[in-house]
Amino acid sequence: MIPQYDIQLDDRGRLRHFLTIDGLSRRLLTEILDQAEGFAGVSEQRVKKVPLCRGKTVANLFFETSTRTRTTFELAAKRLSADVLNLNISLSATAKGETLLDTLRNLEAMHVDTFVVRHPDSGAAHFIARHVAPHVSVINAGDGRHAHPTQAMLDMFTIRRHKGRFSSLRVAIVGDILHSRVARSQILALNTLGTAEVRVIAPRTLLPADVRTLGAHVFHDLAEGIRDVDVVIMLRLQKERMRGALLPSEHEYFQLYGLTEERLQAARPDAIVMHPGPINRGVEMDSQVADGPRSVILQQVTYGIAVRMAVMAMAMGAPPRDAGEPQDE
Amino acid sequence: MIPQYDIQLDDRGRLRHFLTIDGLSRRLLTEILDQAEGFAGVSEQRVKKVPLCRGKTVANLFFETSTRTRTTFELAAKRLSADVLNLNISLSATAKGETLLDTLRNLEAMHVDTFVVRHPDSGAAHFIARHVAPHVSVINAGDGRHAHPTQAMLDMFTIRRHKGRFSSLRVAIVGDILHSRVARSQILALNTLGTAEVRVIAPRTLLPADVRTLGAHVFHDLAEGIRDVDVVIMLRLQKERMRGALLPSEHEYFQLYGLTEERLQAARPDAIVMHPGPINRGVEMDSQVADGPRSVILQQVTYGIAVRMAVMAMAMGAPPRDAGEPQDE
Amino acid sequence: MIPQYDIQLDDRGRLRHFLTIDGLSRRLLTEILDQAEGFAGVSEQRVKKVPLCRGKTVANLFFETSTRTRTTFELAAKRLSADVLNLNISLSATAKGETLLDTLRNLEAMHVDTFVVRHPDSGAAHFIARHVAPHVSVINAGDGRHAHPTQAMLDMFTIRRHKGRFSSLRVAIVGDILHSRVARSQILALNTLGTAEVRVIAPRTLLPADVRTLGAHVFHDLAEGIRDVDVVIMLRLQKERMRGALLPSEHEYFQLYGLTEERLQAARPDAIVMHPGPINRGVEMDSQVADGPRSVILQQVTYGIAVRMAVMAMAMGAPPRDAGEPQDE
């Protein structure tokens, strides 16, 4: 375990911050998945709410706009009965010259319990976690290219729900690995959970230099890489993150790496297709696949609420939730 | 009943979506009014809140800004103890190229129960209702020129509260019928509820071609049209909706169709004056009328909360609220 | 007592609006501090919430942006279990030509209980309070240069918590007295509460003409004015409020009036340092002081929630909160 990631755990080894998959044990990742299993039932109840975090305060600190991500965290917090503050903080005009740390100190002084942080710079969530008071938890909701760990965990939850044990699975991640904050987290999580084989499928220009050391087999050809996999994870083409001419055109990208029903035939007959959304239809995949019987893309959204409830409840020190107990209050 | 409006009812004939007055039966409109009667008491209580929709999630999907309308729905939902998400969706920059339907699918996957939709295009709420999942309700909070049915129902509630039975009433609607999303809903609701006589008073340029087929007597002269009516509904002059020179000036409009105490003398002595707000003082009416003893304009706002609570509770399948039961939890 | 301030009290002498310190009795200010003492414990509980204002509606009416102030009121209201509406009202584009009074009338008709008002014009909160319905309370969250009374009261609470009885204290207020909406409220509150000596320390250009009549000793030299004081209140340099060349430069301001550890030696050994935040580090004080052992700046933020809970609960007529009762519901 790399020492700088110890920051995520308290002195009894329980989750305090959730910043990255890096350094977290299989036991802890499994605990998150087990907790999420309990919360998945909450959203199916007539009363979609549990009182676990009543009287707690969650602040959504968004240094870049992401209505979609903010909405999932806001809903998860409200379904835990927490109070939610939405704070959109402009980086260009840091209000009245107040520094980031002064902003944090002020929110801590207001007894905010959890900061959900979205930031365009890699490492921002770590920086904040290193500086918060002992009673405060930080959850990374995406920092630059670095990590988006709740997204990775909802992917793991989706795979476990649909495919069972990781040790018998082949999983392929397809697309712009280089600019994706999710891909790195996914590879780490899959390996930590003991996945039989993790593959990445991408053009050379969209692969990070260290991809092999992360523990993934590299393929440049979709037809070859997809063969016999149980799970296909399509990444979103981060158009706005790409600089210069790494790709000739969206059309050519689709020709080479876009998922179609025909291409999907090479995978196992019961393979599932995942995507973090929002989909660029006709770029990463065609609509037939996105809306087809193997797509579990909308289930991912549903499970995302459960996983975020689990992570927030664990970080706020709520007692473990028994998946078997009656959910309705 | 026109088949395409069946979409508003479930297979047991109960309200599922609330998109338009068109096609709804007198029994159903009366049920909404009766339910609203029960909720009108809630806002008078010390604790202005009932637990009917606790654990439900209401998403305000606003494709155009309307703080006023959004506020009334937000308050109504909170007083039903629902959780509320406010989502302002820019049409020009549909975030990251996500389509409307993908946005809907995602919110459904998060187990949102009700979408309150405001959209500049006629028919948008119907379009959304046709595509949502079976567990989701859609409430139209104004779509282009087409309909604004909760506004029409709060007008009906106001009339019933102040004037009693519709079958003995003469009601005049005055102003820009052509560009009003409320006028069409009002005429339909008044006729469905059995109003003795519905009149519209407007210049020829501000009348739709089919107004007579809707069941309204047309007047072009205010003095004549207002004679002996029990209810005067003034429409808002939708300046921003008018294109070109349909009217010479606001001043001239007031000269011809503006309501003054003097002109109001022609109505019945106990006539009430209504307006959906916000009032253009000195255009649709002068302040003496707006703030005078016959004005029930602010009561309309109050009743608006009760009507929206009723519609949301019915659409979310809450058990009927007995107006006679003790309101305080 | 100046008659125009009677508006703040109901006919039984209890707090109805909270607009200014001006005209409020020592008994009432002490009652606010005593109530806040009870609420200070709430934020320390596991469940940071009391049901005192459940079912009440608080509308944050912000005519200028102040995320910081809005956040503290929003949190305070939520911890009282009230429902909160955030309304940012643009002064330039008053929506659809609706007047301020029509906006107020509408919110009253929706049974909003309390308006928290932030406005760039002095007197705006009074204007609103003079026009609201009998059941509505107005709390001034800052109006132009005039007043910011909850800020002044949280300062008083901080002083009482840390220093005890006002009658034995020397308090110095340092900085831009002229443009500060807080300084005037502070001087009034300190004198009403019987503070032994109130000093203001500022250049002549940043002092109002009437400062002596407010009951403060004037110093132009920091070293002299700070001698033997128990409390140093540093004001924020309101750069954006200053017109023209009242000050040569921020650097020169710091040379003359910036607080350093060395200068603080002249105060009493147990003197505390306060600042309303956000701090301009290196302008009003250096970081050594801001983060040093005498600084109670973050406690001020914490107490601010308790004071705002107290004022809102009192204005909404919640029963008095006994500081000794068990806080956890």
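As written, the chain order gives the labels A, B and C, with residue 1 at the start of each chain.
We take it that contacts are C-beta pairs under 8 Å (C-beta built on N, C-alpha and C of every residue); 3 or more make two chains touch, one makes a residue touch a chain.
None of these values were measured; they are calculated from a predicted model.
Peer 1: Roughly how big is the turn, in degrees to the nearest 5, that lines up chain A with chain B by CA atoms?
Peer 2: Fitting chain A to chain B on C-alpha positions yields an angle of 120 degrees.
Peer 1: Determine whether chain B and chain C, two copies of the same sequence, contact each other through the same residue numbers or different ones, counting it as same when over half of the numbers at the interface appear on both sides.
Peer 2: Comparing the two copies, chain B and chain C contact each other through largely different residue numbers, since under half are shared.
Peer 1: Return the distance between the CA-based centres of chain B and chain C, expressed in whole Å.
Peer 2: For chain B versus chain C, the centre distance works out to 42 Å.
Peer 1: Which positions in chain B touch two or more other chains at once?
Peer 2: Correct list: empty.
Peer 1: Which stretch or stretches of chain A touch chain C in the complex?
Peer 2: Going by the criterion above, the answer is residues 54-57, 83, 85, 87, 95-99, 102-103, 105-111.
Peer 1: Please name which positions on chain A make contact with chain B in the complex.
Peer 2: Touch list, chain A to chain B: 43-49, 67-68, 71-72, 74-75, 78-79, 277-281, 298-299, 301-302, 304-305.
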